Structure formats: structure tokens, C-alpha cells
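Multiple structures are listed underneath, in C-alpha cells.
Two complexes are shown next, each including chain A; its partner changes from chain B in the first to chain C in the second.
Showing the complex of A and B:
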């Protein structure tokens, strides 16, 4: 012990400090060296493979792989291939932040795409924008458009609650009636949906007869249903998601609410509908994509065929399609920019006018929200031809910036 | 990691092993820090290393109550979360420098710990566990509902501290290795203070309460007050862990306060060895590396971590580090 302290005392302090400074700077120097190299184009893809949305997340991965495969088959970026680095974010924002740090710091990804919950996507976005890494979000969120969370590197491929609820409201209210009730999961996403409906309804002169909030993850809705039945609204908007949506629709159906009231779920998911079964009959909702779009849109047909060929005839789900679009938007922009440099790719993405799988779409300049169509679907029941034939597309709201909240409202400077 | 510490002692034979162990016990803070200083080079990636550091500190703070005082709390996520939110809110809404922001987080956690401790300390055993659980859920919902401040379900974002400005120097926290060592300075200080506390007469009273509360009372110690002080210190340490976590991740998810997080503290302390000083860090490292590695391999990682945890409880009830220390002692005697 004694000699050791003696020796370290003799050790030059300046040398130690210089060495230490070099050791601390080494990772930064190495990273710079790496970034200039021409390895594969790496896309980090954090999604909740485990947790409540595991099925949707796996579909996102499968669809994203197709976008990567197509890019590589077409020769990549002058022979530079793309690869997808999938990470399980466990539907936990903290885990997602850790995984995003791993993807950026250890795996040195060029871009990030992914996430499937508002909280997780905001967390990935915060980590990515602080480090100047381009992130294309494929999860619904209103907050990600707002100036507070937006960064120059932030893109939002998915719909947002405002667009979806607005489109559904504009379809449903004139057709099914103006006396509207809300049953809302009490968290940001539910509130955003209600705001979207109310905004659309104001112009149409709706009357809100009830705005009931239930805790997220509730399993018993019998306390709310008698009140709703007594009010006899024309339309009941179920502003909840996932299992909450399935359970509340099942219980409302059992309660006989459908006799007097049209049930509306702003975001009606392909996977949730398949899991929920018969109870969904006649429920109207919005979605970003449904595979039967192939009947009218050629790019949807091409995407579905590629997906079917790769995965034994399965059709992609709505969130799956977003995985494809999210990755493809980035890779097409890389091709257009002829570079993986973040600034050049951002410029290319802002200029992108795409028709990848659902018709025309583009990123709005101020908040990088993808302006795209919203499909209104109604759930089938007895006339289903096969297990995947669950919806009829009853309306399409064409892409229109006027349907979004204005840039000024979101806090962006003009 | 444990190998680095045990190897020389295990080779040392009977007499020398015992002496080495005594030496190691005397320099436990130095040894802990030496291992932690080398850790980022062994860990799979830096962000995970920081997680282990932070959650190790969290488990250490929890263990003051669990391992040393013998009180099983199921509400420590409230302190982790309060520390994180306190710091996050101070930076995002108050625009404070990170250092006073960390202090704000620790103070908030301490205040909440004082209130919770005051109410919970009157109960014991399973009732203590249930009271702390219930109170921590109250704290959870309070923070969940304060959406303008905490972001509610979406979590608090924007705790961006790209560099720690210390007047003369500015440390680039955006560099993962620099961030690790900056956080290690905080953790190291806390570990040192913690060790001093345990070595003090106060630490001895804690263990006396754990072994026999009535006897400690008969010896004239104010058991209730000692428990409360231990509860508050434990909460403050967990609050510091939360504050560091907020700066590390740049976000505070509401999940930080969820009772599942309280359960993780119990798991990490048990896995590492609740009766040892270094055990919580070993537990945190094992737990997180295992979870990380398995999650990369399979989507059924929960099944495997569960099975491994059961195996540890059945076959290594004193925890990984507890077992290592016990073996060294046997070899040394």
C-alpha cells in the first residue's frame, strides 16, 4: 500500500491531467471519425415489442423491413445499404430514452424511426433532438407538433389526434346527429381527441350533452352507461385506446346503447377490431390506413402485395403501414439528398412529395407534420369475407393543411 | 465486476483472506468507487452504465430502511419520482442551473419523505408496507394530475442539460462518458456520506432496532424518532437518484413514480444482498444487465428474469454479494 501511494505521488500531475483530458475526449473524436466513414445507413427503430401493443409493434417491424429491403434492392445510396436496428422500448418512456441513447451513442445510428405511444414518442424525440438526430415519429400525438417539443430534426409521419377526431367528427355529426356525448380516458391522448371533436363540432353546431372521464385502464363502465343511456345522445364518442376501447364498446353494446346511439371511436384500429370481434359491429372511426384501400389506390396495392409476398399472405395493419412509411420517407429523402447528412436529409424531407402507400402526402414546413388523408371506416359484422375483411371505407378526408391546427396556434413563429 | 474484487482475497488462503476482507471492509467506499469508475468500460453501453449507477444509488437508499433498519417500504418510487420531478420542473419551468435544480429535487423528495414517514412509521410489518404503498400512490396521482407542471401521462420533457457550467470549466454532458463521471461524483459523495452514517452510533442504533426493537427501546433509544430519521435520509438518497436520472434521460416519465418502480428497489436489494453495503449496486447491475440482454434476445424476457429471480431467492437468499462476502469470511476464518 505504502509504495503505491509513493509512486502515485511521483507521477506527474500534469501528465495525468493531459492523459485524462485525452481519455475523455477520445469517444468524441472516435465518433467523428466514424460518422465520416461509409458504413451501412443505420436506422434505429424503438418499438414496444413487449407490452400491451406487442402485436402492433411486431407488425411495424415487419413493414419497416420491407421498406429497407426495397431500398437495398434498388441499389441503396450508391451501393450503401440500409439496415434496421430494432429495440424493444417496453412501452416505457424511460426505457425508450435509454434505448435511444444506446442507438445514438453506441450504435451510431444515422436516423431514428418508431415508437407507439404518445409518452414514448415524446421521450425518444427529446433525446434525439438534443443530439441533432433526425427522428420520424410513427405514433399519434398532438404535443409533438407543438413548438415546445418540436425540434428541427422532428418529423411526424403518423396522424395526430386533432386530425383524426376532426375528420371523424365532420363525417359523423351531419350524418348521425348533433347531440353528442363523450366517454374519455382521462389522460392527454383522450383530452386531445375530445378537443379535436369539439373543434370540428363547433362549426357544425353540435350540442355536447355529457363529457365523462374514466381512469385509464378501467375495466368496468357500468357506472357511466346508465347515465349515457338516459341522455340518449345521437352520437357517443369513445375517446380511449387499446383495451379500454374494446372493453367499453363491449359493455356499451351489452347495455343496448347501440339502439339509440351511434358509437364512434376516433381511432379505430385494425388489430383492436380483430381482437374485439362482434361488439364492434356498426362502430365508426378514423384510421390512417386500411388494406382495402388497394381497391382505389395503386400504391396501396403495391405495398400490400409486397407485404403479402413477404409474410405468407398477411395484410398490413394501420400501425404496420406507418412503420413502412416512416422508414421509407427517410430513405427516399436520403436518396433525394444523395447523402446521409442530417441537414441535407431534413431539407429533402421537407421537399418530399410522396405517394408511398395511401395516396399523396407531404410534411408541413412549420411542424413537420405529415399532411395526409384520413380514412373513415365502419366496422362490418355478418357480411365479412374472411377474418381480415373487418371494415368498409365510408369516407376519405383528403389531405388539407386547413384541417390541422395553425402554425401560430402551435407556437411556431411564421 | 465482483470477480475483480474477490479474486485476490480468494487466492489469499486462510489468514491473509481474513485480513484482506477486513481491509476491504475498511475501504469499502474506495473500493466501491474504484469498481464503479471502471464500470462504463465493462457495461454493454454507457447509458445502461448510468442507469445502473443511478438505480444502484436508489437501491442503496432504499436499503438503509430495508436491510439496515428492517423496514420494508413499498413506496420508495415516490421519492425517486419526487427527486426527478423536482429537478426537472426546476430546470424546465424555473430555468435553474442544474446544481440548484438537483438540490431542489432532493429537498422535494426529503419533504415528501418526512410527511410519508411521519404517517407510516406508526405501523409495522405488512401494515408499514401497505401504508407506504398507499401513500406513494397518492403522490403518484397528485403528480399525474398536475399536468401543466409535470406533463401528466406524457411525462415531463425538455430537461436538456447539454453542458454543466461550473464557472471555470464547462463539462459536456452530451458526451456519455463525461456524463457518467459527473454523475459518479454525485453518487460517490452520497456513498461516502452513507458509509459514514452507517459507521456512526446512529447506524448501530438502526441495526439494533432491526435485531430487536424492544431491546433498543429498553436501552433508552428513541425508536420512533430514529426510524423517522432513517426514513427521511433514505428518501433523500432516493431523491438524489431521481434527480440524477432526470438529468441523465432528459425526461421524467410518470412511470418513475409507479409502484412497480418501488418493487424494483426491493428486487435489486434482495438480488444483490440486503445485508451488505455494496449489494444494492451488484443487484442493480445484475438486474439491469440481465433485463437488457434478455430483452435483446427474446420478447419473453419477463419469463426468464422471473425464473432467475425465483432461483436467487430460493438458493441464494443472502443475495449475490451477500454470498460472496459470506464465502470470503468462511475462507478467512
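Showing the complex of A and C:
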């Protein structure tokens, strides 16, 4: 009896302690269980809705919504739906860091996708990396691949300047000539593009006749143009973005540079071409996506059709498509991992072999750069069939790790 | 023939480019200078009026398809806006020192820019030169855009008309007298408030004209007036506050300095015009053709 009582007393004391500990831990455990299991899968999406790249950013949101819709329509992750939390980063690295931190701390997002500017994407990546949140970047950047900015949670869905400018250079220099001039916006994007062209050009024996830097957001390029016209380069690479691209191409055309020189933009934007109109005629450049890819790639057709159905027959832009791909890569990996656990999703993304909208692509192991095709497009004018029919695809560089900087050069061990 | 590392043709072409750039500076500079010289108002909304002119012109072009209609209508519409602003806002601040109208026009510039953003969107509107003025022509030293040649000639005509107005009409006489000594003009029984109304509207109209003329060079965006305002101030300070000839001289000088710096040291371009201003202020504080004590 005494024994029994003693045993039961000891048991109940231990039980009380265990139960108390459990009860104390319960809210935290429940929150964790909710975040991991019951609630929706939340994807934070910071993009510059206002500011110079507003048109591109709004298209990214529209396309990203399609990826979410498709995931949910297919049943989600065992009935767990996904949702997109869009935030305006105002094209400002500080603003982006604040919004990202809020998304992580307050909104408890599971993943991050977004940003549209090299400086902003590095800022978002920095916050995400510190907090151990998976981030899939959809902005051009070389630095994000490099060991010093890379983290195991960092993925890069977009092209990088090295592969984009490289592909354009390898197409343009043999075809249009070796005397090359650069007119470059004086910031990271422009510098990285010039480096990409020069690296590709070295192997082809190009001669750089001028390398002119202009301040970002310049409204007049006329003072640079007589000199460029006098040099008569075979190729003029305009390494700038958005409105700078529109104005510089417009003014170079105005100065009659096209008589002697092929105008080239590393990234020839769908939106810029539509805003710039006929001044773009004949300009060649690279892109990650152009909707006419649907003529040869079935997944492009499916993606465009979904976009057209959702948005009154509109076609997605290049950067818009990246919004779709960025979110879809994450959600497909969630499905493959059968979990939203960051480590499991990272492993699934590393193993992902996708053809979502433009043909095959995969993330390279060492730097998580998406290895994918680069399209070379030429702007048309006279034989346009409708306002969206602005480019002809004149070349495609197939996905090839050899076109990237090596893992060792980027500072990775593997 | 070479001068330094540059062929003479290139330098000459660069000079013409600078003059074309200067044409826009001249037009915005004259308006700002007139308003300051006569009314002692530092018009911080000048860049916004410039932008408004471009939008009015491009908007009308969408309806009429005729650039020349826009070229006439834009300065008239912006001039009318200037009339309203002077009558309803600026007039209440006369005699309150230089700061109050400055703050008023500063705030007004934000209202105008934000209104345009709401009405026409954030991304801007593409706009090209009228078909008759497209393309480049050989001017003997190389190819030069036809539209920019037109810009030089047109600005010269506008400046000539302004000069006739100020130097050869009785109203111009009052403007000149007012710029020299406001009190005496008042004492002579002239209704200066009417003169100020006209001068403010004229200055704004010139900013609007510069805006529509600049539109084919760069397209239009709500923010296009911001850099222009800074450049217009440089022109006004270099030329001398209130001096028509000074604004013309300084506008051309700034254009040429920008063009030449772009050739020799492209990354110094933005700084060069401010260096010019500092230099002029050191050597001649009243500006190239300004009178002493204009700021007193």
C-alpha cells in the first residue's frame, strides 16, 4: 500500500512536471504547427509598384498571381492553399529591407520572391539570409551569385548580366562587327553588363573604341552622340534600363547612328520597346522571355493562354514571366518536398528540373543560379501584327553551365 | 584638322549640339529670370510648369495629331494656369518677403506633379518629333537631327519676338522700368499688379513652351521638370537675375559647357554647370549681365 502510494506519488509528481512543461510550451508549439501545417502557404512579394519600373513590377504581380492560382486549383499542398503578399519596395533598398523584415516578422511568410533592381534584390536577400528564409530573386544581378552575397537560402530565377550580355555579344559581334562602343548607366547594372560584353568579346577579338558612362536617369544623351557618331563603331551597346533605354535609343536614332552602327541593348525590354515605339526598329538585345516563344515551346503557350484568360487577352512581359517562374519554382518545390520546411524545400529546389514556361531550366548547385536559355530578339516595326508583336527571335543560347562564371571564380568551394 | 585629340568637325558638331541643348535652357531661364527680376519671386514651380506644358501638348496631340497646334496651345494653357496661380495664390503674398512665395510655389510644384501622376499615370508617355522634322541632315560638319535645328531656329524667333515686346512696346517699357525700380513705377501711377499678372503668366507660358519643345527629345514623365528647375536656376544666376540678354547668353553657355564636358570628361557633366555657376559668382556676383543690387 505504502509502496503503491509512493509509486503513484512519484508518478504523479513527474507527470505534473511534464504536463506543466507541455502546457507552458503549448502556445509556441501550436503556433509552429499552424505555421507549418494548417495555415496558408504565404509568399512575400516585394516589388517596386511605384517608381521608374512600376509598369514591369505590376506585370510581375499579375503573372505571379497566376502561379498561385494554378497551385491552388491543383489542390495546393494536400489542401493547403498558397497566397501572395505583395508589398511596394519603391525601388529603394532601405524600403525593401523594412518591407521584407515586416513580411518575415509580422506576416510570418514561408518564402520570399521578388525585387526588380540589383541593389534592391541584394538588400532583400541580405535580410532573408539573416533570418533563414528562402528567397528566389527575379532581378538581374551578378553579385547575388557571388559567395559574399550568397546564402543557402538564396536562389536566382532571373538571368544574370554575365550570361545575358555574353549571349548578346556572342550573337552580335561576329555578325555586325568588332569595333564596339559602350554608353552605360553609371551603376551596378550597367557596369556588370559592360563586363559581360567585354568578357564575351575578348574571345572574339573585339576592339572597344569608347566606353562612356552617363549618370542614371539622364534626360539628354545628345552631347554624347556626335562623338559616338564620329567614331562609327560597328556596334553600340546601350547598357541601361527602363526609361534610360527608351530615351537613349530614341536620341541615338535621332542623331542618325543607325546608318553606320548596330544598336544593341543587353536586355531589350518588352515594356520599353512598347513605350519607345518605332525608334527601336532594328535594335537587338537579350531577354529571358518573349511571348512569341509560344510558337515553338508548348509550356510558353500554356502560360500565355492562362495569362490572356486572366487579363483580357494581354500577353506577359519578360519581367512579368519571371514573377510567374519565381513563384512557381518555389511552389513546385513545396509540392515535391511535401512540406514547407525551409531545408526540405531548398533540397527540392536544388533537385528541380523544370519546364514551366520557356523550356528546360534548373538551379546550379553551387550558387543557385537558374541555368536557362537566353533569347536574342530584334525589334521590328513595319511588319508588326498588332501592338504586342514587337520582336523577332533571331537566336537562342541554350541552357549551359559553361556560359556562367565558374563556381570557383565566384568564390564557392564546390 | 585636329584640335588636341579631337577633329575640328567633331568640336563644331559638339558646339551645335550644345546650342540646341542651350535653346531649352534659354526658354526656361528667361521665364524664371523675368519673374524674379520684376516680382522678386523665386518660382519653384517653374519645373512643374515646364512639365505641364509637355503634358498639355502631348495630350492635345493625341486628339489633333498636329504638333503645331500643341506648340501654340501648350504655352497658352500653361500661361493661363500662371494667370490663375498669380491671381489666386501668389498675389496674396506680395509684401511678405521672399520666403513666402518661395514656399508657396515649392508646395505648388508638388501639387502639380502629383496631379499629373494621378491623371496620366506614373510611367510617362512616349512622344516623337513630328514626321516633317524627323531624321538627321548633313550640315557640312556631320549629320545633325533636323528637330534640334528647328529647336535652335524656333528659339531664336521666340527670343527676337520677346526682345521686340520688351524693348519696343510701351508695355515692355513698363516691364523694364519695373525691373529697374518698382517703387518709382508705382509712384508714376502705373497699376503694377496688372504688370505682375502678365509677367507671371508670360514666364509660366515660356516654361510651358520649353516643355512641349523638349517632349520630342525625351518623351514626357511627371518628373521631367525636376532637373530642369535646377538648370534654370543656374541659367538665371549666371545670366543675372531679370536680364533677358543675360538669360539668353547664360542658357547658351550652359548648353555649350554641358556638350563640351560630355566630350572631354563625360562623368563630370552634371557637376560642370554648377562649377560654371560658382566661377561666375566668384568673379561677378551679380551674374554676367545682371545689375548690381538686384537681390537687395
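One rule holds in what follows: the second predicted complex is superposed on the first by the 377 of 414 C-alpha atoms of A that agree within 3 Å, B and C clash if a C-alpha of one lies under 4 Å from a C-alpha of the other, contacts with A are read in each partner's own complex, and residues count from 1 in each chain.
Just so we're on the same page, a residue touches a chain if its C-beta (ideal position, glycine included) is under 8 Å from a C-beta of that chain, and two chains touch if they have at least 3 such contacts.
Since the model is a prediction, treat every value here as computed from it, not as a measurement.
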*When the two structures are laid over each other on chain A, do chain B and chain C clash or fit?*
fit
*Go through the superposed model and pick first if A:73 touches only chain B, second if only chain C, both, or neither.*
neither
*So, A:97: does it touch chain B (first), chain C (second), both, or neither?*
first
*What is the contact status of A:50 with respect to chain B (first) and chain C (second): first, second, both, or neither?*
both
_For A:213, using the defined touch cut-off, is the partner it touches chain B, chain C, both, or neither? Pick first, second, both or neither._
second
_For A:246, using the defined touch cut-off, is the partner it touches chain B, chain C, both, or neither? Pick first, second, both or neither._
second
*Which partner does A:105 reach: the first (chain B), the second (chain C), both, or neither?*
first
*Classify the contacts of A:224 with the two partner chains as first (chain B alone), second (chain C alone), both, or neither.*
second
*Which of chain B and chain C A:279 touches, first, second, both or neither*: second
*asked:* With both complexes overlaid on chain A, does A:254 touch chain B (first), chain C (second), both or neither?
replied: second
*Once superposed, minimum distance in angstrom between C-alpha atoms of chain B and those of chain C?*
5
*Which chain A residues come up in both lists, the one for chain B and the one for chain C?*
50, 54
*Touching residues (chain side chain C, partner chain A) in the complex*: 7, 9-10, 13-14, 17-18, 20-21, 122-124, 126, 128-129, 134-136, 142-145, 147-148, 217-219, 221, 224, 227, 258-259, 261-263, 266-267, 269-270
_Which residues of chain A touch chain B once you look at their complex with the stated criterion?_
24, 27-28, 49-50, 54, 87-88, 90, 92-94, 97-98, 101-102, 105-106, 118-119, 122-123, 125-127, 130-131, 141, 143, 148-149, 187-189, 216
*Residue numbers on chain B that touch chain A, as the complex places them*: 44-48, 51, 147, 152-155, 157-158, 160, 162, 172, 174-178, 181, 245, 249-251, 253-256, 295-296, 299, 301-302
*If you look only at chain A, which of its residues touch chain C in the complex?*
50-51, 54-55, 186, 212-215, 219-220, 222-227, 229-230, 243, 246-247, 250-251, 254-256, 259, 275-279
